[in-house]
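Two complexes follow with chain A in common, the first pairing it with chain B and the second with chain C.
For the complex of A and B:
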């Protein structure tokens, strides 16, 4: 992949952005995420995480299995605050 | 790993890196910071990173004002190549009872006497700042334009990089397992990567402060409690200030990137070291915030997480030397507002380690206040 391929669509990051951070010593997904928001968008890193882990592995020479993957946080899919209110308590039943 | 250090700091959150930076700046040569994971992996990287000067005690007003002024000049002082994203959109603090309104009046008098430019607002004036604020059930508000928030990861990095340039050694992914004490004096630390001899250890271990204190055989009067927080997708800028209410138990801000970050204290949170996320918080958060700021109903939340508050009996930090063990210093118990005190914590602990007169009187924050019964009562906390 070339340096300017987009890795994280949510946060608009290129492979070059990611490679720079890895070379500076940020060698886990969670550290990279905190530095440049990779994986902090609505998709929760589903697209970029595998690519970033692979890149860390190439640059550091560590097998992917030894690199800490990012933490998946709830929710699995983005949901509006209004929907959360509607489905809470009795609210959810009224709709059925 | 180095074998000997002048000072070893346990914890690479905002407190640890700020203390290290200030020690190095004052010329201390061999300073080591030991962090069991990555920097800001504790409460610092999980927090709202809001800073406000609108407090109800003189001490807190002064600590916050000091820190705010530091952040205003942080770019020059720390020479960070990134952006700490300091946004001074102000804090709009809302009262919902007469009693709270009375307290606000006193707070403003105190704050103004200390040079903090806060003011009491009517609800109409509050709506000029946040036009879609639902004022039902509210009484009044206070506002200080100089309050705001930062990016906690970059702020921590900024201190850490500046400290490293001054010679501080930061050991990431290294865990302190024991503190070596001989005849009541600190002699060193034991980590999973080796030992370091030192006469001075600073406990800046955040939510794990009581665990680290135990390594030195000391019980400190703190406990940890999970606090949850969430972020929405990035949207157009709609909210300038941090909106906060003690009585409604919530806060909400829009970060420069566009996401809205919000949190509240949930009832019955576990008092242990868990940082999992729960559904009850999410429901209560969504209900209260969409009632106060109705347009947020249509905004999608994308991530929820939690961090630890390290809480003391009077919800004020414990700062300074510990009398029982010579060479052991505490920077713990920030009770949910330690990020904004970071710059002050750094300076004050460095000064007290070097035996200098402290910039602000920190004696009243010493752990011995609990024995003496001299607790500090801060009326304005979430």
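For the complex of A and C:
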């Protein structure tokens, strides 16, 4: 079956793309993210991560509880540099 | 930097109840809500709730939201900001948010995280066709904005959300062709399932979506039976001509802020994914960060409200506010939770909670 099942909607990655990487030995979410940007789009992994962790678990035989879900870093959604600059210039609160 | 005593992240059922109890104890509370309206999922629920009278049984979800909001507006020490997304909790306790498009820094003394959960989805061929929705999106379209999502629907998922949304679709005049679920049994309450069955909607258990079809948008869905090892059984395919496929395959707790803050997290399948380790009073392993609602583990709005009340008490107490009958009220909330999680429907929730709850000897239910 030609597999165009979308796993990561932000970066247009298919189930096949993800499975190929896992079979090559990329068996944590962070490794996959570094290879193809899964989880780095606007949804920040909220859509793709549960599916990717499940695929890793099926292929490696490891339970999901033992697979690292990756590192969560701020911010949880995109903001512009302009917004940050505006706050530090106008708010005068960057030193408190 | 904005200083607050208690910051509540998320103004859904859990967050609202947490704010009410914390503010009644005397604390100054700030609620930040990402949406333009408070109430979370409650404002989409047109059905009557279960539980006991204390938990507004027999009242429709949308009316429960009104009751809670009335109480919120009576309390002068609650500040509410909508269109306000919390972006980060740093380890020095500073919180960043985007409020009405502005980047804001906040320094709360205590934080109650009630961010809820996000919808899970499934990978199958052509799952990116327009017309394929999460059940939450369908509810938002119909019940918040009054927009019909399509004309005929196939519902994937026979849990409570799948069953309730199917019923709401029919109330809105949309044809629901069938409900399917990969599990061998219907996951939701039988009272909801029998209601849609009586209205002539077949429920196929042990089935999943094999493939979606369509050119510019969804036209047809092929489903297939699963064997006991979850493998698709060839030759069992069935086709449904639908313009909407509604996916309701569970929720995943939204714990990213807790990860950032350094809370200990554990994967608990019964609770929907990674959830924080917590005390019975709902404090995480990071002192001063409390949790309530689906972020603790996916359940339903009633237990989320009770958890909110409990976390509100705990956060106010940790600031030194004195409350009358504190121990009695706590016991009452814990008993309510125990009763909501009793019976076989609560089996897996109880099992899951045992894995992440650090029980103290001080409070006995």
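In the analysis below, the second predicted complex is superposed on the first by the 87 of 96 C-alpha atoms of A that agree within 3 Å, B and C clash if a C-alpha of one lies under 4 Å from a C-alpha of the other, contacts with A are read in each partner's own complex, and residues count from 1 in each chain.
Here is the rule we use: a contact is a pair of C-beta atoms (placed from the backbone, for glycine too) under 8 Å apart; a residue touches a chain by one contact, two chains touch by 3 or more.
Please read these numbers as outputs of a predicted model, since none were measured by experiment.
Placing chain B and chain C on a common chain A by superposition gives a fit, with no clash between them.
If you stand at the C-alpha centre of chain A, chain B and chain C are 150 degrees apart, rounded to the nearest 10.
For chain A, the partner with contacts to more residues, out of chain B and chain C, is C.
Of the two partner chains, chain C is the only one that A:64 touches; chain B does not reach it. Contacts of A:15 after superposition on the shared chain: chain C is touched, whereas chain B is not. By the touch criterion defined above, A:84 reaches both chain B and chain C. Legend: residue contacts after superposition of the two complexes on their common chain; A:37 is shown touching chain B, with no touch to chain C.
Legend: residue contacts after superposition of the two complexes on their common chain; A:28 is shown touching chain B, with no touch to chain C. Once the two complexes are laid over each other on the shared chain, residue contacts for A:4 go to chain C alone; chain B is not touched. Between chain B and chain C in the chain A overlay, the least Cα distance found is 8 Å. Shared contact residues of chain A, touching chain B in one structure and chain C in the other: 44, 73-75, 79, 84. The touching residues of chain A, when paired with chain B in their complex, are 28, 30-31, 34-35, 37, 40-42, 44, 73-75, 78-82, 84-85, 88-89. Residues 38, 40-41, 45, 82, 153-154, 157, 231-234, 257, 277, 282-283, 285-287, 289-290, 296-305 of chain B are the ones touching chain A in the complex.
Considering their complex, residues 1, 85-90, 96, 98, 101-105, 118, 120-128, 252, 254, 256-257, 259-260, 266-269, 273-274 of chain C touch chain A. If you check the complex, the residues on chain A that touch chain C are 1-7, 9, 14-15, 44, 46-47, 50-51, 63-65, 69, 71-77, 79, 83-84, 86-87, 91, 93, 96.
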